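Listed below are the structures to be examined.
Next come two complexes built around chain A: one with chain B, the other with chain C.
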Partner chain A sequence: MEMETPTKRRRIKDLNFWEKIYVPEIIKGLALTFRTMFKPKFTMEYPEVKFEPTGSYRGRPVLVQEENGVERCVACGLCSRVCPALAIEVQAAETELEKERYPVKFEINMLRCIFCGFCEEVCPEEAIVMSKDYEMAFTNREDAIYGKDKLLIPVGKLQDRIGFLRQYK
Partner chain B sequence: MPNINLDGKTIEFKQGQTIIEAARDHGIEIPHFCWHPKLSVSGNCRICLVEVEKMPKLVIACSTLASEGMIVHTKNEKVVAAQNAVMEFLLINHPLDCPICDEAGECKLQDYAYKYSVGESRFVEEKVHKDKRVALGPRVMFDGERCISCSRCIRFCDEIAKDPELTFVKRGDRVTIVTYPGEEMDNPYSMNTIDICPVGALTSRDFRFKARVWDMSSTNSICIGCSRGCNTEIWVRNNEILRLVPRHNEDVNSYWMCDHGRLNTFKNVNADSRINSPQIRKDGQLIEKSWDEAVNEAVSKLKLFTKEQIAVIGSAYATCEDNYIIAKFAKTVLGTGNLDYIRHIDPSFADDILRTEDLTPNSLGAELAGIQPSKSGLDIQGILNAIKEKKIKALYLVEDDILEAFPEFENAIAGLELLIVHSTNHNRSTALADLIFPAATYVEKNGTFVNVSGVVQRIHPAISVVEQDRALDGMSMSRLDKFGTKWDRWAAGKKINALPTWKILTSVAKAMGSKIKFNMAEEIFAEMANSIDAFKNLDYDVIGELGAKVKSEISNNVKVS
Partner chain C sequence: MSILEIVIIALIKVAVVVGTMLVTVAYLVYFERKVSAWAQNRIGPNRVGWHGALQPFADLFKLVLKEDIVPDNADRKIHALAPVIALLVALSTYAVIPFGPDLQIGDYNISLIVADVNIGVLFILALTSLGVYALTLAGWSSGSKYSLLGGIRSSAQMISYEVSMGFSVAGVLLLSESLRPVAIVESQSGWMWNAIVQPIGFITFLVSAFAETNRLPFDLPEAEPELVGGFHTEYSSMKFAGFFLAEYANMIMASAFIATLYLGGWQIPYIEKLGLSPILETLLCFGGFLLKMAALLFFFLWVRWSLPRFRYDQLMNLGWKVMFPLSLINIIWVAVLIMIFGM
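On to the complex of A and B.
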């Protein structure tokens, strides 16, 4: 097969006269800036103004807390098993409640979590869902491990996501 | 031998075998729930249906005798349809409990649902509800909804434990299992029903909800509850033992083990009473020291006594390798013939199923490895008396609690000038010890035990101590072990700073100028095989996972009790 001869690239030193004096280019740039100044704004003044995502957003995974204060989770460990980043640790124990089994310990290591949502997808109880919370900052490894205290969120606050899941999952 | 044709393959069978047995002997598994190789045939679950040519209907392989020239199909369309139908029936009333069911991951019903069913249910009605969480006895929990009424548990109690305790009541889809009125399921073998229950209807109250099976590793081992030496698997997560289950060995324990062995032989491993560093007594207080300091202390103290003033006590809880080094250390390094071990005999523990009256795993091995007084030396009773008479002033006690066994000698032993103890946990003897070496337990080392009938069996480390690394030392690893880092709480399980007795003793011996040197338990066994007749021609590979008999004339001559 015959090789194609590479077309000669235009190089900096090949700029034409108008390009070489820069002025028209600067005017073009300023014109763009000027036009944009009068268009509607779509940036936000974070953190003074917060971004409120829709139900399809995958923020940090949280545990659904029923109205009576009990977590839905039955500590089956499937989320922990499916998590590709091994972020979740669940320790089951027995409860007198009808569900028999509950997580005495539930920890998500937010340094490991990759926000894939697999835990949410595998959960047989709709007990772990992706929230709208994207604000996570820590200064050491220990603080990145979220326990039940941080994970349990009342079901009322998670309606957007649960609605989204019921519609599309 | 007569033949049958199984799926186009001609296989031999023994006269009187059923189709399922003949197939199994040739490595072909016909699905089954209720059939068990060691129980009578019940034929109630119907999943083993096969087609036999010239028979009008499908037959169950577990109760149909194989006969010459039979042509059997286990995979044709008719059989597959029948298996699917049986699965559909079994699942009609089966609860969706897998998320809270301890059996999940090792459940025959789950597995067969994948293998033998199309996975669709036509049943939309309300499922039958039955009692859940019923304690059948102190150790076994029953869930009526999960039970598939295979009757394995009933037959086990009747036929193996020889203690009929369970029965079916009610009929049809309401049938369930109960204990006889006024009875509990508390026979000494009751927990085997958990293993043979094909579903999660029977679960262990001890292990209940502790871990998912897929998060644990399993290591082959031997029970130390008595001298039967039942073959076991040790299930571990995050360097903690969570359960023991029996492992099949037809020559030793078949498929079973007793509840005592299953529950009471591992709890000390992670207990707070574990000794976590060498300790030396100073002004009545035990102080933690480094291994080197402790070894040097042992050497300088032992040198203060003559051979006649020293006695050594080996252990029927320690391995053959440990005991071989103990004997060698006593005879060649300390030069004493005052050497024996403590017997733990309880005739009330024995039965005619598995349990023996000797409550240690390795009496025979200890004796074969050389734990016996020399001709002029003292045996255990002699040693105790000599301690009382203050003729013996220094005692080297390995992996046993002499005070627990002989509480009447408490004052005598307290009067010893030197008591060195190897121990896994604190006990009455360590409370008096001048120097303690933390010993690795049987789940933390390699070695061998010789059981009551002279079978040498291997143990493997399942828990790692400080000096071990699961990956580098070839220990079995769970998924969590493989991927965990030191920052993951689920992988940072506690490690004890202990060593196997033979290792401790070789360092003490070395510090005393001896040439005893071994790097691995296997090397010790190789030397034993060379120098001890009973172990001739044996090595770790020959022993394998199912054990090997020591030369029988020898094991018959050694009387343990």
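On to the complex of A and C.
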């Protein structure tokens, strides 16, 4: 049987005898599903086996924490300003460090966040990046507001994403 | 044997058949989900019990706990009656299916059939046609347009396919000269299986059996994309479970019936030449019958996950313009066989 081109549509009158009586075609279809039954499965058995995303994955947004334990964020408020879902709240304060400003309060409401990554894109300090974390279950609305305690992640754990941003952003 | 012994043996047989039936139905649902998963490169249920082996019981438990909803417009009595009819019909047909040759235990000669009646085939055909009432009544009594459409479709479909089914069976009856299932099985000794002697009849009967059990590619009464759930749209909880169990029980029934009529029933070709002890031979035959049934059941599942649903007019075309003439041709073929070879 010759392969049909995608543009040409075949009608009943174009079918040959064996295609018209339908049984050989059914057997072909059955053979296909039977072969498929023994092929490797694609299912990932989630709680035991977890999906490990690449650097391009946009998980929950986190704040980058430098090796000395201080966050990179200078509390400019651009992320809060650009956030289309109004999920970010930043309160700035002064500090003795070189960067002069730091966020005294930084909250992301994960019920509002739409994982668009605008905050990361607009950040001048590479201080807020999208992590690989996709497990964010909570049982009440208060728990959904992530403060600095949950947002600060050491820079070492975010190398994949930072590398990706430096290459493609 | 005294009357008491006969009654006790009959009751034991009924209990064993119904019990194994229900367990098989449960595991058939499980295997349906497994086969569908395998055909789609998935794993399937594997959380409850060993490889998901307790899944059917978890499903049943869930259904029992669900709220039983009856729509305002429904005819309450008939709405409740329909699943009962479906289950009754599905479970009672097993009475006349022979599962194996006679079993000799001590002084007792036990036939592996609940009721060895002379009109067994007629009994099965009559009861399976009664099954259409369950679907039609369910559709009509629900007071919902989708249910009604599903019910109408089921009646039209089952009536159309019953014709070709009846004519296919006629071919078998011509050869066996009896309506007794045991006699039909015995007439297919050696390799004289009806599937080999009359292949056209086998195919028409197989296709009609698919249509009778409302399995894909003929599951128009419940066609999900267009009719929500068809006749069982308005059913929930145990009433839904009734229809669900009846569908799978019907499938097992159809496999047993096909194995009896066309695949030699419990007969294993030339097993008597091996010179085994009678008990072992009986058990082997019984196992052979179960194997044939299992193969047919797998075929049912396999087809469901391979073929798309027919359109309604295509279904009717196939039923009246293809299956009906083919089953008539089969009768002529069998008649010619009898005339020429005197079978």
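Everything below uses one rule, namely that the second predicted complex is superposed on the first by the 135 of 169 C-alpha atoms of A that agree within 3 Å, B and C clash if a C-alpha of one lies under 4 Å from a C-alpha of the other, contacts with A are read in each partner's own complex, and residues count from 1 in each chain.
Please note the rule applied: a contact is a pair of C-beta atoms (placed from the backbone, for glycine too) under 8 Å apart; a residue touches a chain by one contact, two chains touch by 3 or more.
On a predicted model such as this, the values are computed, not experimentally measured, just so you know.
A.B. asks: Among the partners chain B and chain C, which is in contact with a greater number of residues of chain A?
C.D. replies: Residues of chain A touched, chain B against chain C: more for B.
A.B. asks: Look at A:G77 in the shared chain and tell me whether it touches chain B only, chain C only, both, or neither; answer first, second, both or neither.
C.D. replies: First partner only.
A.B. asks: One more residue to check, A:F42. First (chain B), second (chain C), both or neither?
C.D. replies: second
A.B. asks: So, A:P124: does it touch chain B (first), chain C (second), both, or neither?
C.D. replies: first
A.B. asks: Go through chain A and flag every residue that touches chain B in one model and chain C in the other.
C.D. replies: none
A.B. asks: Show which residues of chain A lie in contact with chain B when the two form their complex.
C.D. replies: It comes out as residues 74-78, 80-81, 86, 89, 92-94, 99-101, 107, 109, 124-125, 141, 145.
A.B. asks: Within the complex, which stretch of chain C touches chain A?
C.D. replies: 35, 37-43, 46, 203, 302-303, 305-307
A.B. asks: Taking the touch rule as given, give the residues of chain B at its contact with chain A in the complex, in rising order.
C.D. replies: 96, 98-100, 104, 132-133, 208-210, 212, 214-215, 480, 483-484, 487-490
A.B. asks: Looking at the complex, which residues from chain A come into contact with chain C?
C.D. replies: Those in contact with chain C are residues 23, 26, 29-30, 32-34, 36-43, 45.
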